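Common to both upcoming complexes is subunit A, partnered first by subunit B, then by subunit C.
Take a look at the complex of A and B:
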């Protein structure tokens, strides 16, 4: 696992608010839409942990970047590692103070606020837990707007913020501080993460609020809450799709029945990623129905309709069960499922040349143009 | 001409049938008629965007990063109007990819070495003449290996891509091949292009036309197809001649055997259980029976014989029609032999449950409704047990056929329904009629001769009772009497008993030979 977040927001971030234990169900639900179909299930342990912290320390203020003074020091908090160990042994709650404490010791200054590494999946919840444990406000922004596999695949890195110094803490109390180049950080950290049990809570990208304003995707956390509110309260498919279109710009690419779910061999493009490729094929109803292929490497990355690229990473792809109106994750998808394929556009920063270079289809070994490139090779 | 030809490209189908794609695994092969004018080998998926129309898009393994990439290439091929896609076998093509290929109507071929295939394709496309020559040669070899008409025409249908062929008679009947080709001819406005080559029969007279319908047309392609059709002519003529020769040879042998078998009344002691047998003819009969059994004839059990005759008395000789009639019969009744015998052909159905009426229906249904070279009249005998029963049934069938022939082609008579009338069938009606015309010249000269002869016949049929005859003809008694007076006035003596049989037969002969009006 890595990091999580929300796409670009067309609406203004909500005024100062707090996140309490009661907000967690909506947050968990909202997460799922932006997970690109991975980790949509199985965050119960994480939820329990964060809920305990919220109940012990009280609600966390959710503040906008603009409400912070320019020199307020922030750091991104999130878990780095794999999902499976996280499900087996959720964090105990001490890791946040250990990791942030080590980072503060390294840079010689206390943090003023916590920022999300990526507000999607479990990493939407961890920063809330961290802010609660540390008694700090949570800034309503993140660096991915979705889940991406590498810690430097962020808008923070795009804007030139260094990943390190980075501090990580494991459940067993191991603490590690890394001070290296952004691109080496992921490789080095992954070795430590593997040795320490599969995942670590990390604090990274230490930066002032002024610098973050140019680098962060704002409103990520509040948007998850709104999406979660829709998914938990709206009962009709049409109303839900309309709500999602309004809130996150979600668009239905196609709908159909799953006809094929297959793991595919690791190819050249996926070699550098801690992921396993797989492929899902959907058939539109009717004789003239189109064929939709979704290519995944842990997350859904590419949607081809009749062989033509219809959507690609860094835009978020997800499947929504047409009858149960719930997000279908890669771990739960089965042949016969009747789903809508939704695309949630990524933040505009991702659609720049540099953004697509870092997290576009070619970065994942798909030598195709992103639809926003308009056929430009 | 050659310069023109080289500009006409091969089709995908030709590359599949005779070219480098023959060993490829193929998907979506319903759309192979597209021309191919070049090859695009791509080692990067994005290069497929620049693929030229009407080219084979070959995906190098480096560009085939997964099944999705193959599908993407299919899409580009479709967008760029390529002819087909060739992909490396490293990617396993699944049902959905095949479905997409079919949906986009883009033939997909999977080969082990795309780069090598690209080179071979380029070579084949550069020299279309050589590729077509290979196809022609292959057809020629296959023609020489096939023995019957259907197989020879079948070679064209299976080996020449985009071509359906049939051998048609002058009136459009399909002798071999696809019946759709024949239908087109009848419609005469089929959208396909046709190539036709006349096929000579064994005697040199035309047997029919070999017709090929081309789904795509170009002068060079039509020329290639015509060459192939011409190559098929000699094997076709030979196969037809061979079949006719074999049939006629067998017919002669069968006829001799049947004549021997039916000749001697005492020839079949086993079947009849007749006690003492005359030494010499019996030996011949027993031997004929053995040969007949060895030939697969069924001579035990209950038989119903069928006698076929040319449908009109003035039909030309039976001999010339024998092969055609036997061939038609074998099409209709593959398990029952038809054997030339006397003025016609004999067959018999051996089945204890066989009823003459059923047999007649069967023959009417299967034979008379099908295409046979001349109209036939048919007689059906009564069931008969064993050899002697067969002999009797054949004789009865022959009599019934002789009656049927008087009614014209297509008639079936059952002996059981004829009664004594069967005897009349043996009369030389023509000669008797000639004599009657002399005898009754005065009566025939009457303007109402036909009516008077019918009246006279009815009078004699009714044992010279004018009352009964009037009732039979539906006349008033006075009319009847008037006609009788008129007959007498024409010199016919009705009072002499010794003249009545001759008069009766003369009327019968005149009525039998009367031209239908």
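Take a look at the complex of A and C:
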């Protein structure tokens, strides 16, 4: 980070000015805390792509929404699809120009800035690459503050911004433009994404800065950089947890040893048919130690302590290895891991009735209330 | 009886085993001061064997890793044969991995320089020339772009002009459909027969970069493996024609000399895998968490059913993520100034069932820990090198890692059964006694966030060894 710099524990620091290739290690580390344990192993190909674009085009200005004129046109950039196709075929690097170019052609106007669909996981990095490739500033905001599975599970949609027109580009160079209602967009897009190999870079939610001020979660990218700064520089567990508490409001729900990792799959003899782990059970140390159960559907969604809901989506749940001080992903969690279970509160917009209806525990099929609902069903 | 030998650039530790018991152990320097040191080691150990030695299994992973490290430091590759036909290399001199050319088969070329780079500095240092050929498939097996064979030939010709005739070829989607890699290989070998080609689908696994790293490292180790295997075979043959020669692998199995010559990457990480097996063997535990001590580090891994717990795609000690399996390990530094705060403490780190010494200097660490760790695990105190013990006890093995689309459970069952049969066949070809092959793991994990049904199949199989004549 140039201009202002980001100290490891400087949550009060001034907003970042630019993002350069040298900031990527912090971005990679930081985005893992907010990705709800999915993809925490990282996607090297994404980093290679974004780093190359930053080195070729130079650092990306990171600006606040308030610094943009009301009529500045922005669009959200993010990847839609699965991790596996992304692992198998990293981006070529021109998908951002293809997708944004198609969107600009559809709406008849050039973008003034790029915003993030969701600044977590690989989608924390793609908007940086897009801004670099397009020579545009990146606005320090996003529409999720975490990873959610559907493209209309955003604060943008909560505020009434339409997802479409939407343009997507695959690594093969396929380009599509969608015009439809927000609820149908995800279903239609998934079909195209599957047909194109399972992954597309998309530009969506075209909106002016004025409208985004009512819809976006501000400070998302700089938050990741600060978290990444902590994760890559702080060596003590206490200092790290204190820093995360101050920086993103992270709270330790419990700590314990993983005693069970269960999937929804079946086992027949030596054959095993797991999905990603769907339940992780931890035991606190000591005879009176509580039992913590984490429920997942691709991402961690629910934390139960001795049977009671302690935290739930859309708040972010994650596991932090107490010894290595690294985020533990669902792909790598093992029985015996000694972890802290952290909850990072979601943006206030997500805690409204509409927000919880769109991305609360019941939206994922859990018949429980979010803790903020105070027992309201 | 069996012999296990763990080698590095400078030392070889050997052990003669009779079942689970150590009969004798010995160490030989390999610094060139004693020509024929390997043969002296095998014959010395075999002298105590009664009945005769059935097999010698070599753990050469340190030699391979050191060759890669030297290459990454920019040292020139070793010449296998010096003036007058004298061997210039291991044992006696350090070996260095070869530089290779890398060719990716993908739908489009990177949009800018640097976008096609590999994130691993080791891989970048091994690849002296890189090219792109249009082609590839998606994970469902659909062709993403028509294969450009002429471009493949141009790549090979340009690499040859740069003095590179060993090519690592990685096609996107080859974990499901390998036809583009196979077509490129057939096309090139027909036109430039002197080429050596390593194809990424031979290692399998998910991830273009991970598979490319595996293929590049494998290609870079071909000459080193040729040298090392030949030396090991020679030292084994000194025991007689009936003694078979094997090589320990990172998944806790073993392969023939022929297999290691062509697929040396499987020999990496064999020391940790063998050490876990050795600890299980000497402790009599088929299921255990094992702590392995070194001078400044404790390595913790698991043995399940007598085999090390392994996974693919793990970051390597040599700084690269590869698709070939290796033990799942936790590393903890030992602080000599604060022995009570050590990583095996019941309340601060993983509990272990068995502790064994892995490296020189580890014995002092183990003794120090023994005074402070409660409750106490089983402490192994053997004069034999624990990895050499494990190498002697390795079994023939196979690991398959495939991506398959399957619309119905019947189709998935059929494809999984085919993969299991393929793994069993590999085990047999890796030297298992007929009829002893068995599948120990067969998982079909659905790939998330995709509408179509796509599964990642991982099959691990082993078999009891057939210590017959060397293959």
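One rule holds for everything that comes next: the second predicted complex is superposed on the first by the 348 of 377 C-alpha atoms of A that agree within 3 Å, B and C clash if a C-alpha of one lies under 4 Å from a C-alpha of the other, contacts with A are read in each partner's own complex, and residues count from 1 in each chain.
Rule of thumb we're sticking to: a residue touches a chain if its C-beta (ideal position, glycine included) is under 8 Å from a C-beta of that chain, and two chains touch if they have at least 3 such contacts.
Because the structure is a prediction, the values reported are computed rather than measured.
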Looking at the overlay on subunit A, is there a clash between subunit B and subunit C, or do the two fit?
fit
Examine A:44 and indicate which partner it touches, taking first as subunit B and second as subunit C; both and neither are also allowed.
second
With both complexes overlaid on chain A, does A:262 touch subunit B (first), subunit C (second), both or neither?
first
Chosen between subunit B and subunit C, the partner touching more subunit A residues is C
A:304 contacts which: subunit B (first), subunit C (second), both, neither?
first
A:149 contacts which: subunit B (first), subunit C (second), both, neither?
second
I'd like to know which partner A:354 touches here: subunit B for first, subunit C for second, both or neither.
neither
Given the touch rule stated above, what does A:92 touch, subunit B (first), subunit C (second), both, or neither?
second
Touch check for A:368: first (subunit B), second (subunit C), both, or neither?
first
Roughly how many degrees, to the nearest 10, is the angle at subunit A when you join its Cα centre to the Cα centres of subunit B and subunit C?
70
Gap in Å between nearest CA atoms once subunit C and subunit B share a frame through chain A:
19
Hey, what residues of subunit A end up touching subunit B and subunit C alike?
265
Enumerate the contact residues on subunit B facing subunit A in the complex.
44-46, 49, 63, 65-69, 71-76, 78-79, 94-96, 99-100, 103-104
Where on subunit C is subunit A touching in the complex?
106-115, 117-119, 136, 138-140, 142, 144-145, 172-173, 175, 206-210, 289, 313, 321, 328, 332, 343, 347-350, 403, 416, 438-452, 454, 456
State the interface residues of subunit A toward subunit C in the complex, per the touch definition above.
38, 41, 44-45, 47-49, 51-53, 55-56, 81-85, 87-94, 149, 171-173, 190-191, 194, 196-198, 265, 270-276, 285, 298, 323, 334, 336, 338
Seen from subunit A, its contact residues with subunit B in the complex are 259-260, 262, 264-265, 267-269, 277, 279, 281, 283, 290-291, 293, 295, 302, 304, 306-309, 365-369, 375, 377
